[in-house]
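Shared between the two complexes below is chain A, which pairs with chain B and chain C, respectively.
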Partner chain A sequence: MYGVGLVKGMGVTIKHFVNTYVDDLRWFGRRYYNPEAFAVRQSPQAQGIFTVQYPEEKLIMPEEFRYIPFLIYDELEDGTRQDRCTSCGICAKVCPPQCIWIVRSDDPETGRPIPEPSEFFIDIDICMNCGLCSEYCPFEAIRMDHDYEISTYDRFSENIYNKEKLDKPASFYAAVRPLNYAIDEAAIAEKVAKKAAKEAARKQRQAEKDRKTDE
Partner chain B sequence: MTDKESPQVEGTTREPDSLEQHFPGILTPDEREGFDGYLVAPDKLTEFATRLRDEFGYDYLSSVTGVDYLPDEVMEVVYHAYRIEGGPALVFKTQVPRADPVVPSLVGVWPGADFQEREAWDLLGIRFTGHPNLRRILMWEGFEGHPLRKDWHEAYFEEDAKPFANRWPEGDVYRIEDKIPFGKNVQYPSEFTPEGWIPEGDEGLYAGLGQISNDGDGSSLKTDQLVVNLGPQHPSTHGVFRMVVTLDGETVTDLKPVMGYLHRNHEKIGERNTYIMNMPYTDRLDYLSSMSNNFGYALAVEKLMDIQPPERAEYIRVIMAELTRIVSHLWAIGFLLNDLGAFFTPALYAINERELILDVFEAVSGSRMMCNYFRFGGLARDLPPGTLQTIRELIFERLPRRVDELDIYLTENEIVRSRCIGVGVLSPEKAVAFSAAGPVLRASGIPYDVRRAEPYGIYDRFDFEVAVRYGGDVYDRYLVRLQEIRESIRIVQQAVDDIPEGEIQTGKPIFQVRVPAGEAYGRVENPKGELGFYVVSNGKPNPWRYHIRAPSFINLTALAEMCKGHKVADVVAILGSIDIILGEVDR
Partner chain C sequence: MSEELSNNDNPVPEGLQGQIAITSLDKIYNWSRRSSIWPMMFGLACCAIEMIATAASRYDLARFGMEVLRASPRQADLMIVSGTVTKKMIPIIVRLYNQMPEPKYVLAMGACASGGGPFKEGYNVVSGVDKFVPVDVYIPGCPPTPQALLHGLIKMQEKIDGQSVLEVPWYRSEPIDEIPQPLLGPDLIDPRDIPDFAEKLKAQEERLAAERE
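And now, the complex of A and B:
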């Protein structure tokens, strides 16, 4: 019969319309501005419309969410900052839109490169948030941020991030991406252990050598 | 590599020797290291192509492109032809001098070559004699030079290949606008003034439209031909896309699509990039299906490098590619209804479900749309904990219900039926001739799906049906998409049940992969149709040629054919049923 399809379709629309109110009742009118309800509203169990009341409500970023990169420094016990970055330049080389500029530090006396950057720029107008820099960084020094609210009034002066603006403490990293942080810490610990083992082996060999020459 | 590929060629042509024997003096095997297929003399090309189509059954021309071999002073045109029953490609090439590249057009043999030859003319300056309407297609008329030529440099030119030298170790940070200020960043031909320019390209465009004359013979009214521009700024075009239609009353008599408003010369960027840098750029082609775009590019480069991803990575790839198909088809169905005038209610019901899948993508890859998740020989990272469970909930419970709901909501709707059934019919013969791909081809009764015709990844392990319909109209394209969502759900259900534990990357992840010299064509069944990546390597860190066979772009070749004889309002529905993405059309 003509019109049956239309009526059925309207039935679906009505169901969608009613669903939201049913869901609201289920939460006793606390469907919005309620973290618990919000988590359900954004999951496969969601019923009814799932509009996010931004900025009062914000989506929970998954760990892997990536936005503009930042640089990590470790806070040493005496309070000084130590950059993890060694200015090896891999991030600048792998960056698809080439938005990273690094100035390598040179020892003022010998003129030989030392492993830390004197300048580090990222033009965030060009950055495409692909995350390749953090993926291929061999020193766990550059990682992707979660902060997406970075609009500015002047793109010329504020959108080239310098080292000061990019630098974040390791504790910040641990807060934003706890799982990745744990993986990185394990990797660093492994590297340190390897280095120590190598050092120990070298010393032992040296000692043996010394003993042999003594004999 | 050549040895490995040769049995495939045997499979296509039965005996490769016989093909050469059939075309004595015309055909020579391409014997360059890492290359494949045959070289054909340009003056014999039309004869060869006609016989290839009629006697050997290669009725589907998938890809036409050019390669600029600057050091050899040679311009090469590469063709990939298929049999519509399935099987690997027959690759043939023709070489002409770079200074005067003239190749006979194959539009007469395979009408699907139309836009692709125009693209090769536009970007590489290869002249196709006998082409009915050889005008620029992506660049504007009056543009100087052919930008994909290796010696052509853009206004903001820095270096021929990335990484650029001034980024490290002495980072010289500056804005390119400071060095080349606005106003000096465009090159014009010497006699050209922007103010005095009259767009003569449009003259050619309008002249190419079919003319009608109806002076009224007493039995009918005298009518004038009316030319209407739909777009570039038009809500129905899904982006910046223009259709020039000639009307007889309200009936469309001819149509020409005009594109390139979003052109950024993706392929030139790709040839500047290193191999890994291209991965995030492929996301931006068909931005609704970035995971499958990644898949196609990864396949092409993996073919060149001769590596295989591990089992777990293969399964995750299939899961992601199929979820992408669901996302893209939901969007296509929703927006088809928008184009029919059901403003946004159906679209939002579809987008609602899409959003949940995008959450999965975000958790897995870090981004909802620009996923950048595939790597050569594997994936960027393993699935985070809990994701597989979310996918299970979606794929076993929510999505099947919601697709059924969409089915009840739309399929029997009388308005949808009367607007869609019998509108924009593309016959099977025409669909093959115009190189249509994806749902457009399958709705015309051709059960051609790359996942079946030439399985890639691990698609040969899954049980699924190729959705096919026989009406070839807008309604059937809608039904094919709905059916494909169901089949994709089936594939993901099988994949999440079988997924093994293990590594997700072959070897160590390296940022500068070594790709041996040669060529490779990786193709995948994208939601929009066959997406192909033709990559030529010369052993350097950057690809020598990086070409994309964009399904949305090539599906538009058949648009005029579908629209003729229908009303203006139907043009909008027909365009919606092809489901174009301008990021991919314009590249």
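And now, the complex of A and C:
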């Protein structure tokens, strides 16, 4: 018999259509723009249409979602910014599309390089969101952002991010990726502890050496 | 709708409120223009998959009046360049752009279309479609998620909202020049110049000639 498949398909559509209104009654008209209802609507228990009403409703991104990288700075107690980036250039080397450009800085008095970038550019029209820069960064300084609402009207004036635009505080990182932030903090604490232990051992050796020479 | 359209400079008289709307030509023009942007239905690479997802029921372009993805450039207002533009494809893209009737808009979706992306130095890839056609909105991302594309489309609507009938290029008396179609340059190598290949080609031709006899 002809048309059975067609009727079945239309049946599915009509079921969704009717279910939408049934579901709306169940939520007392608060089916939309309501975080609770939105979570149910995006779950397997969804009834009726499940459209994400962007921009009023936005999907909650999983933590490992990645878009454009950002640089992390620590806020010191005296209020100054301490960049974690040391301008080592590993991220620029591993970047597959080569979209990172770092300008290293020199000490104005001695003229010797200091571990701090004076400028940091990422061309986000080249960036392929792979996250290799953040994987390879040995100083936990570059991490991937969640913000995807970054479309612009002009490419050259707005889409080449400089250090000012990339710099975000560590608290921002903690808010965006809490689990990763905890892992990073543990790694930093371990590094600091190792350094302290090394320093203590060196001092002890030095003291022993001094004592021997005294004798 | 009437609130959206009404012009604050000319308030509606007391007795007529809710029955008429006083608006400017720009406002009603932009409102109708941005509420029915019909994109052209073509995809170039992986970004097209995200574009398809955006058009499907979960994100639903129909909420913005864009559900009619036209298969013909003659009926389209918006060209979503979704993906890597190869040197072989750019003449076709430019031709499609020329065939679109004004007003027409271009949206570069993803890193490849905006700046070449990972293939920016590739021998066969155009590093940024804006070298050939004027782009209105750039969406970074590789690929942009459906929500990022929707954000770009909303930006496009905002841009259209800011236009004025007196200033847009398509209502001037002088004709708008077509964009000249880019031609593929000469091949970087001709396989017939490579000795090994030339020998094989010659052998094949001889064999074919022998078979024919």
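Simple rule for what comes next: the second predicted complex is superposed on the first by the 197 of 215 C-alpha atoms of A that agree within 3 Å, B and C clash if a C-alpha of one lies under 4 Å from a C-alpha of the other, contacts with A are read in each partner's own complex, and residues count from 1 in each chain.
Convention: a residue touches a chain if its C-beta (ideal position, glycine included) is under 8 Å from a C-beta of that chain, and two chains touch if they have at least 3 such contacts.
No experiment lies behind these values; they were computed from the predicted model shown.
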Room on chain A for both chain B and chain C (clash or fit): clash
Residues of chain A touched, compared between chain B and chain C (which is higher): B
Which of chain B and chain C A:68 touches, first, second, both or neither: second
First (chain B), second (chain C), both or neither touched by A:13: first
Partner chain in contact with A:76 - chain B first, chain C second, else both or neither: neither
Contacts of A:136 with chain B and chain C, given as first, second, both or neither: first
Chain B versus chain C as contact partner of A:53, first or second or both or neither: second
Touching partner for A:96 - first (chain B), second (chain C), both, neither: both
Touching partner for A:151 - first (chain B), second (chain C), both, neither: second
Chain B versus chain C as contact partner of A:128, first or second or both or neither: both
Clash-bearing segment of chain C, relative to chain B, as chosen among 74-82, 110-118 or 182-190: 182-190
Chain A residues contacted in one complex by chain B, in the other by chain C: 49-50, 96, 123, 128-130
Residues of chain B touching chain A in the complex: 162-164, 166-173, 175, 273-274, 276-281, 345, 349, 352, 355-356, 359, 362-367, 370, 372, 380-381, 384, 390, 393-394, 397-398, 405, 408-417, 509, 511-512
Residues of chain C touching chain A in the complex: 57-60, 63, 111, 114-120, 128, 130, 135-142, 144-145, 147-148, 150-152, 154-155, 159
Chain A to chain C touching residues, read off their complex: 49-55, 58-59, 67-68, 96-97, 123-130, 148-155, 159
For the chain A and chain B complex, residues of the former touching the latter: 2-6, 8-9, 11-13, 16, 42-46, 49-50, 62-66, 87, 89-90, 92-96, 98, 100-104, 113, 119-121, 123, 128-132, 135-136, 144, 156, 160, 179
